[in-house]
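In the two assemblies presented below, chain A is common to both, partnered first by chain B and then by chain C.
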Partner chain A sequence: MNDALMVVIAAQAVTAAVPLVLAGTGELLAQRAGMLNVGIEGLLLTGCIAGFTGAALGGCAWIGLAAAIIAAALLAALFAWATVVMRCDQIVTGMAINLLAVGGSGTAWLVAQGQGYAELPANAGFSRGIVPGLSDATQAWLRDLPFIGPLVFDQYGLALAMALIAATAWWLLVRTRIGVIIHALGDAPDACAANGIAVRRWRVGLVILAGALAGAAGAYLSIMRTHGFSPLMTGGMGFVVLALVIFGRWHVGGLVAACLGFGVIDALQSHLQSRGLNAVIPYQVFQALPFIVALIALAAMRRGTSGPRLLGQAWPTER
Partner chain B sequence: MLRTFLLLTLFCCAYTAEPLKIGLICSGSVTDGGWNQLAKEAIEQVKKELKAEVSILQKVTQDKAGDELRAYAADGYDLVIAHGYEFLTPAAEVAAGTTMKIAVSGADVARPGIVTLDFDVSQASYQLGVIAGTLTKSGKLGFVGGAPIPSVKACYRGFLAGARAVRPDVSVAEAYTSWDEPVKSKQQTEAFFAQGIDLVYHDVDAASRGVFEAVKERNARNPAKPVYVFGCVADQNANPICPDHILASAVIRLDATFRAVAESVVAKTFAAGVVRENLQRGTCVAVLNPRLIGTILTPEILAGVERAGKQLVAGSLIIPGE
Partner chain C sequence: MSRWLAASSGILIAVGAISAVILVVLIGLALLGHAPTTVLTTWFHGAAGSWTRLALSVQEAGPLLLTGLAAAVAFRCGVWNIGAEGQFLIGAVTMVAFGTVLLIPGPGWLILSIVLILSAFSGAAWALLATGLERWRGVPVVLSTILLNFIAVAVVGMLVQGPLHDPTTTAPQTALMAEQMRLPVLVEGTRLHLGVLLAAIIAVALWLVLKRTTIGFEVQVVGLNPDAARLMGMPVGARQVLVMAVSGGLAGFAGAAHVAGVTGMLSGSPVSYGYAGIAVAMLGRLHPLGILVAALFLGMLSTGASGLERRLGIPHDLGDVVQGLLVLAVLVGGGITARRALRPQAEST
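Up next is the complex of A and B:
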């Protein structure tokens, strides 16, 4: 049953959705607070190279994961400093973060080449299997469970973390006072300030949190999914995340559904290609398929007012 | 005094001849373990042998290639090798207005003023196809390419023809992802395995990591039904990801080609046209994985590969065109 095409596609969709949900949850929290960071692509790439470098030099995947989270959080802190403290334009700064990360990761990769650690040492990456430390027999039993085996247990470790983080973010936003504050930061920062909430400190904190999550997503790509680094390996994924946050109408549930939907269509295009549809339809159509569907769905959706009201604006408005 | 000085200057000029300045423009990263890395290694070989001065540009896109070529020309370079089919049009444009020599790799059409280097890997791919057709249990093979450009399509056609020659009912699924994104090529290879494909051939650059990773994971999960893979362009048989499951590689001997072009510039015999590298010239060959010879690669398979090679060289066997 687990070999059925539907199950394979669903499992691949989860695998593809993990970095999208991780980075997307962080971006959603930051955007809810009024911070529009278009530099996710750069944060992901930073996570990729830092994760790789940490794992290669430290000889341990956990060091890589920590390095990825720290490096991307630092880059996000730079963004926060520039936009919140220095009041630079958020879009321009975000694009600068992207460019910085492209150059920085490329340089770090050249250094890795020169110093001879271009390959991860054996066992310095996370292998497939959701819970680290379980015995092989237990892992095998879990992943052979019908349907939920491939979908839930035959994934990489961060899939579990993704579920926990997304659930926590949902709970925070919907059920707690912190959620009210985060919403208010993006809708009415003046009111927040009047209630004694340090608007700028909150925004900086959320941007750094978003950076850390994007860093983890980058580490997922380099030290979990492919066990190595190649320049620009994110291939525009950061911009997909940006679209998916909007697509999910700034709700965690919407975001997760959008990411999984994107994953399904992405996996589907791989299977359609290999089943001979290439001869009829140009392969570029398949590659663009997830993006085309996202665009059509976005355009078809009713324009709601569910987004943060003051997204991308510095606070205080007048100085 | 002045005369001595002039004489000395002349003397110096004659004996410190300017070294040959060669530029290399790569479409991808020179650490891709394939097409671009091969070019970097080849140009470094040329640098050593001809004592040339070498500059390498990585990840150059088609729209930037013209500017980079003009910049090289302005810097007084003697020869630039634009290493990729996509550079053909910009190279032909620049060549019309400069004395700098330009060679374009991976193209099989002539353009005025430039040398195009055609690497016909289809014959070596045919030999890999012979191995695949013999070894496949399911009769289903997979091919993943960076983009369906002529040289990649030729690999696919050769592979298909070789496999069908030994087992007529074989099918080869064909998919194109991206040259440099291992995440995508891995997902594609997983999709291949899900439909029962047990042998995969690739023609991608840095994305080959994704293909090998998928093979490694599949074999770790399901050792009873092993899947195998072929390398392309560079000799990838010893790739550390899955060295025991790479049966063979279709290899381009790029250093010989690059050296010949560079020498023709030195000897002032550089002439526009197409340089055709192939199995006959011994520059595009199938290299079997020595670790697997005698076990999976049985003497019968080796004989079949050799027989196909002889027929291809003799011209009695021709890879069908589009």
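Up next is the complex of A and C:
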């Protein structure tokens, strides 16, 4: 494999990893605080449809992004209310969120189609390689930088935001008092409460933050990467994100590495498919590949978790 | 007396949840310009307006009942099997394989019974993959069962377009199953088949097992408190494996009965009885008889919704929204308490 091809594949890997890192960082923060949201697939899908309809109706990609973030955050707030305030089981509530999002996005999509919004207007999506606030010449120069150009600057804008968000999350978790609190929320919520920390308020806040990030990731899929919506377009990506959070051992660095590795596999398989391998191997193998990889990764990792001690458990334990 | 109180409060929660969700949906549809009375009457006509429609609703309830039981059995033991969707598909594809390319000669009813059991076993085997990954590699069941759903979709798709593909068409579908491998129809002129009756019998049997037998008791104690169960000397791990096998077997049987009773083949179009089973289980409050009623209700909901789509143009996808809302409403109303989930039970001591 020559160098140019490697750069292409690396750049594709980054493009594929962006939504995984975005949604994964949010889920990681929530899980560290003890909140397991398996409804992340539904939040992504909500981001997709809200991003699409927002951009199509508003005629502007930014409206789409904002709509995606708000819609997914609202759905996450519903999850937070049910699990934190009403103490419902987190797994079943998460699956209910998924059902809601599948039905809701399907209904909204049919309505949008009926109103004549089946496709994204030409200028209502984000385009590649644009860094807001820089002149065209500077941007072109940045994109043409060897190696760094395609990997960092010839990406959609959210790629840079993703790097910033992941770095911030890492810094928060590892270096600040907030990080200590978030860890403690998932490991020893009683101790938090004893120190005057409002456990439930923190958990609700983090779940909503995770929802907003998943919404942004959904918008990335619909109004950046594909410029369109199709029913169930997330295709299980949310569940892969859950696997990646575990595989990264609930550390931001591990998560980012896992997502990039996943992106490389994704880029490689689409490259191999385009090279004619799909004539030899049924396309379903490629379709199942992300999930097989995720399962193998989880099975291969060393046992004994470094995860949050009370993940998925309501607080206070006894009412 | 207190038992009756507990049962009636459970029923109250379910009825309350249903009423609340129907109210919300009717208000939502009214805002979109559909009069609530029209919606209700159209829905009822679709769901139970004639004997054929009613038979269709009951037929639709069959797979929902089985996947609902699959979810409930597992949840009651604290085993998070979210994989009924995949187990359903594996059971269905096994049935289709033995109904088309792998036809076994012999007396029809005997072969059919054997293949139905075999299909249930295939669903159980698919479910036990997740248990194996948990036991040996510490992979959380809640995640592996979901991932296995997507792998099952691909595996079945590959089989449908590969070895099982109908050579007379280019459409992604299998050939029709042989007549002797189809489940007999109960009511003339409908597709209400023997599998639905079997599902109802299984529900009652499961209720008796949970209520009257030692194993049933142990399964529930393990679900409520695995540490206490272990202290009492119950074989916690063995019960969890058993429950997973039963759960996967029920889902696999659901798939097999569906293809042998209704469709007679598999095509590329998706089914979602597996995920809907979670809604059925929650609405039935994890009680086999409650699930029987919940499955009938959701079956009527589904056939009624297709009537709404045909006559009023209300998207069928709204059915998923209703299911999601129902689960949330039951959860919020019932306060089924959360427990530790992502950690393998074996390590929780």
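One rule holds for everything that comes next: the second predicted complex is superposed on the first by the 288 of 319 C-alpha atoms of A that agree within 3 Å, B and C clash if a C-alpha of one lies under 4 Å from a C-alpha of the other, contacts with A are read in each partner's own complex, and residues count from 1 in each chain.
The rule we apply is simple: a contact is a pair of C-beta atoms (placed from the backbone, for glycine too) under 8 Å apart; a residue touches a chain by one contact, two chains touch by 3 or more.
If you're wondering where the values come from, they're calculated on a predicted model, not measured in any experiment.
K.L.:
Assess the superposed three-chain arrangement around chain A: do chain B and chain C clash, or do they fit?
P.N.:
Clash - chain B and chain C, as placed by superposing on chain A, overlap.
K.L.:
Please indicate which partner A:Leu142 is in contact with in the superposed arrangement: first for chain B, second for chain C, both, or neither.
P.N.:
Touch partners of A:Leu142: none, neither chain B nor chain C.
K.L.:
Just checking: does A:Gly307 make contact with chain B only, chain C only, both, or neither of them? Give me first, second, both or neither.
P.N.:
A:Gly307 sits against chain C, while chain B stays out of touch.
K.L.:
Looking at the overlay, what does A:Ala82 touch: chain B (first), chain C (second), both, or neither?
P.N.:
second
K.L.:
Looking at A:Ile70, would you say it contacts chain B, chain C, both, or neither? Reply first, second, both or neither.
P.N.:
A:Ile70: touches no partner chain.
K.L.:
Quick one: name whichever of chain B and chain C touches more residues of chain A.
P.N.:
So, of the two partners, C touches more residues of chain A.
K.L.:
Tell me which partner A:Ala96 touches in the superposition: chain B (first), chain C (second), both or neither.
P.N.:
A:Ala96: touches chain C, not chain B.
K.L.:
Name the contact category of A:Leu295: first (chain B only), second (chain C only), both, or neither.
P.N.:
In the superposed model, A:Leu295 contacts chain C only, not chain B.
K.L.:
Contact-wise, after the overlay, does A:Leu160 reach chain B, chain C, both or neither (first, second, both, neither)?
P.N.:
Neither partner.
K.L.:
Which residues would you name on chain A as touching chain B in one complex and chain C in the other?
P.N.:
Touching chain B in the first complex and chain C in the second, residues 235, 287 of chain A appear in both lists.
K.L.:
Give the list of chain B residues in touch with chain A in this complex.
P.N.:
So the residues of chain B touching chain A come out as 29, 31-32, 58-59, 142, 148, 173-178, 180-184, 186-188, 190-192, 194-195, 197, 206-207, 209-210, 213, 217, 220-221, 240-241.
K.L.:
Going by the contact rule at the top, pick out the chain C residues touching chain A in the complex.
P.N.:
75, 80, 82, 133, 137-140, 142-144, 146-151, 153-155, 157-158, 161-162, 275, 278-279, 282, 315, 317-325, 327-328, 331-332, 335-343
K.L.:
Can you check the complex and tell me which residues of chain A touch chain B?
P.N.:
For chain A paired with chain B, touching residues are 3, 5, 8, 12, 15-16, 109, 113, 118-119, 127-128, 221, 225-228, 230-233, 235, 266-267, 270-271, 273-276, 278, 283, 287.
K.L.:
Residues of chain A touching chain C in their complex?
P.N.:
Contacts found on chain A: 36, 38, 78, 82-83, 86-93, 95-104, 106-107, 110-111, 235-236, 239-240, 242-243, 246, 282, 284-285, 287-288, 290-292, 294-295, 298-300, 303-305, 307, 310-314.
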